[in-house]
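Once you scroll down, you'll see the structures, which are given as C-alpha cells.
In what comes next, subunit A is part of two complexes: it sits with subunit B in the first one and with subunit C in the second one.
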Partner chain A sequence: MNLSITTYCRIKNNQVWINDVEIFKGIPNSEKDFLKQLYQHLKIDYPKFFKMDNLSKLGLLTVALIRDENTKLNYAADDEVAIALQTEMGCLDSDIEHQKNVTRNAASPAVFVYTLSNIVIGEIAIKNKWFGESLCLIGKHNDLTDLISYSKSLFLNNKAELVITGTIDSVNNEHCVNLFLIEKEKDGTNFNEENIKKLITH
Partner chain B sequence: MIFIGAENIISPLGQTAHANFKALLNNETGLKAKKTNLSEREMFLSSFGEPDKFSLVEHSIQSIQNSLSQIDFDLLKQHRVNLLLSTTKGEVQKFKEGKSEEAILGIYAQKIAKEFAWLAHHQVISNACVSGVLALVMAHDLIKSGDYDTIIICGADKVSEFTIAGFLSFLAISDEPCKPFDKNRTGINLGEGIATIILSKDASLFKNEMFKCLGGSSANDANHISGPSRTGEGLFRSISKTLKQAKITPEQIDFLSGHGTGTSYNDEMESIAFDRAGLSKTPLHSLKGYYGHTFGATGLIESAICLQSMRANTLIASKGFNELGTSKKINVLQEHLEKPVYTILKTASGFGGCNATVLFQK
Partner chain C sequence: MDELLLKLKKEIIVQLNLEDMKPEDIGNDDPLFGDGLGLDSIDALELIVLLDQNYGVSIEDPEKKGREIFESVRTMANFIEAKRKAVN
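== the complex of A and B ==
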C-alpha cells in the first residue's frame, strides 16, 4: 500500500510552517500569547478554546491549519479520520498546576481533566466532529517506531482513510508540534520513519 | 492468528492472576474504608497502603516477571519483542515531591525496560481509562502487521493524593463501595494495581492454555472531554467496528466485560451502547466493586480476569449490583456463573471521550 505525507504542519519557536512554507510568526513580547495570536490569525470562533490547556490549544490549531490546507478532511466520513499522537512531556503544565491546587487544598475539575495526555485528542475530535480511531503515546520525538507502525496499521486494517499523526509538546509556553496528514496516495513524500525524522529534525 | 495468555495481576487481592480470580470467586474485595489527608470522611480505596506509597516500578517489574515465568523464555529470545506500558499517571507522587520532571512517563518506562535488556523496543500508551484495552488492540495490530513477534503489555497506576483530589473536585467519589449499574450507585472508588498480558504470533510460546485475541478498535464520542455521550455513540461505534472486523455477531458473545465505573452518567451511557449493539441479553459485569478504578491498569486487570474466566468456564458476578439502575435493560450478573465461555468482549470508556473494545476467544 502506498502511503504518503500529503500535508505537514510544524510549529516551533512561535513560527508556523505548512509544508515547509512559513505562514505565521508570533509577535514577541505581545500581551497576547502566541496561541491566542495564532487563534486570531486563523479567525477561528470557538469560545471553548479559552478554557483549554496549552497542549489542547496547540493541537486544535495545528489540525485547523492542516484542515485549511487539505480539504480532503472536509469530505471524509466522520469515522474515517484517525488521530495518533505522541508527546514526550504530556500534560506537564496542567500536572504542575493541579498539584499546586492540591497542595493549597483547592483542586479544580477544570484543571484536573487536562492532566490526561489524551485530552488534546478529545478536543480535536469534538471540534472537528470526528468519531474515528485515536491513540495517545508517550515518548521522545526521535523514537516514533510504534507511532508510525500503528498509523500504517490503521490503513492496512481498514480502520481509517486519513490519519493525522505526529508529535506534540507544549510546556511553559514553549510549543513544538509536527503533525502529518497521511493518505493512500502515490504522490507525495513516502510515509516512513526516515522521512518523518528528516522532516522533524531539518 | 494472534495468541494471548500468560496473564498476571498484582492487586490487594493477590500477586497472581489465579490468586486474584480465587479471591473474586470468594467474593473478596480490595475496597476498604481508609482515612486520607484530603477528606474529613473515610473513603473506600483498593490500595496496598497510604496513597502515593505503592512502588509502581518495582511491582511492574515483578508483574512482568511473573508473566515471563509462564512462557518459553528461550523461544522468546528469538522473537522481536516490544513492551507496551499502559498508565495514566505513572509515578505521580513525584509532583508532590517537587520533582515534576521525573514524573514524565517515559522515565518510568525506562526504569522498567532496562530490567529487560532483550527488548527490541518499549513504548508508553497513556489514553485515560481506555489505555489498557487500547494497548491490547494496538499490540494485536502491530503483531498482525509483522512489526513484532511478541508484545508484553503491562498496565499500572497507583492511588495518589493527586488523583483523589482531582476526583473529589469532580464530586465523582462515592462514600461507599461502588455499585456499578445499580439503581443506588453514587460514584467511583479509586484503586491501584498492575496487570501484565502477553500477545504473540506464536502459540508455542505459552506454557499453559492460551487464547486468541481477535483484535479490536477505538472510537471517540466527539462530544465532551469529561462527560460520556448521552447516546453511547463512541462505545457503540467501537463495539460495532470490532464485531464487524472479527466477523462475530452479538449472539456469539458469551460474556461482556464492561467498564462500569459506578457513576450515574457512565453506566447509563454503557447500557445505551450495549443495547444499541444488540448486547442487552449478554451476561455482563464490572469489576470495579472488587478493585475500584485502577485507570491505566483497569483494562488489563479486567482482561486478565476474562482469560481466567475462559480457563475456569466461570463468570464473575458484578459486585455491588442489586437492582438495575440504567434506562436500557442489560444482563448484569448477580451471582458467579459456571458456563462454557468461548468469546468475550471487553470494553472501556474514558475522559477525552475515548472508547475501546477488544475480543478474546477460546
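== the complex of A and C ==
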C-alpha cells in the first residue's frame, strides 16, 4: 500500500509553515501571546479555545491549518479520520500549574482536566467532530517507530482513510509541532520514519 | 447588591477565561448555562470553587441546588447574601 505525506504543518519559534512555506510569524513582545495571534489570524470562532491549555490550543490550531490546506478532511466520514500524536513533555505545563494550585489549597477543575496528555486529541476530535481511532504516545521525538507503525496499521486494517500524525509539544510558551496528513496516495512524500525525521529536523 | 453583581461578573470573566467579554455583556438575569453564557460542567465546578474561595460559602448539595444557584449572576448574588445573613 502506498502511503504518502500529503500535507505537513510545522510550528516552531513562533513561526508557521505549511508544506515548507512560511505562512505566519508571531509578533514578538505583543500583549497577545503567539497562540492567540494565530487563532485570530485564522479567524476561528471557538470560545472554548481560551479555556484550553497551550498543548490543546496548539493541536487545535495546527489541525485547523492542515484542514484549510487539504479539503479532503472536510469530506471524510467522522470515523475515517484518525489522530496519532507523540509528545515528549505532554501536559507538563498543566501538571505544574495544578501542583502549584494544590500546594496553595486552591485546585482548579479547569486546570485539572488538562492534566492528561491525550486531552489534546479529545479537543481536536470534539472541534472537528471526528470520532475515529486515536493514540497519544509519550516519547522522544527521535524515536517515532511506534507512532509510524501504528499509523500504518490503521490503513492496513481499514481503520482510517486519513491519519493526522506527528509530534507536538508546548511548554512554558515554547511551541514545537510537526503534524502530517497521511493518505493512500502515490503522489507526495512517502510516509516512512526516515522522511518524517528529515522533515522534522531540517 | 449592585456592587456584588458587578464584582461577581468580573470574577466570573477571569475565573472562566471568558475572552473578550466585559461585565456589561452579562445581564443580571441572563442564564449562565445553555443558551446564555454557554458554560459547561467544568465551569460549574469552577463557580463552586469561586464561591468557596472568594466568599467563603459552600453549597451543601451541589447536584440538587446547583442549578438553582447558578441560574444567573443574580441568583448567585442572592445565594451569597442569604449565606451572609445566616452567619450574622
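In this section, the second predicted complex is superposed on the first by the 202 of 202 C-alpha atoms of A that agree within 3 Å, B and C clash if a C-alpha of one lies under 4 Å from a C-alpha of the other, contacts with A are read in each partner's own complex, and residues count from 1 in each chain.
Following the convention adopted for this analysis, contacts are C-beta pairs under 8 Å (C-beta built on N, C-alpha and C of every residue); 3 or more make two chains touch, one makes a residue touch a chain.
Please read these numbers as outputs of a predicted model, since none were measured by experiment.
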Contacts of A:47 with subunit B and subunit C, given as first, second, both or neither: second
Contacts of A:113 with subunit B and subunit C, given as first, second, both or neither: both
Greater subunit A contact set [subunit C / subunit B]: B
Partner chain(s) touched by A:28 [first = subunit B, second = subunit C, both, neither]: neither
Contacts on subunit A seen with subunit B and repeated with subunit C across the two complexes: 107-109, 113
Complex contacts: residues of subunit A adjacent to subunit C: 47, 49-51, 106-110, 113
Contact set on subunit C toward subunit A in their complex: 16-19, 38, 42-43, 45-46, 49, 53
Residues of subunit A touching subunit B in the complex: 78-79, 88-90, 92, 95-96, 98-99, 101-103, 107-109, 112-113, 115-119, 121-123, 125-126, 128-140, 145-146, 149-150, 152-154, 156-159
Touch list for subunit B against partner subunit A, complex: 38, 82, 88-89, 95-96, 100, 103-106, 109, 121, 123-128, 134, 138, 141-142, 144-145, 147, 161-162, 165-170, 215, 217-226, 233-234, 237, 241, 245, 350-354
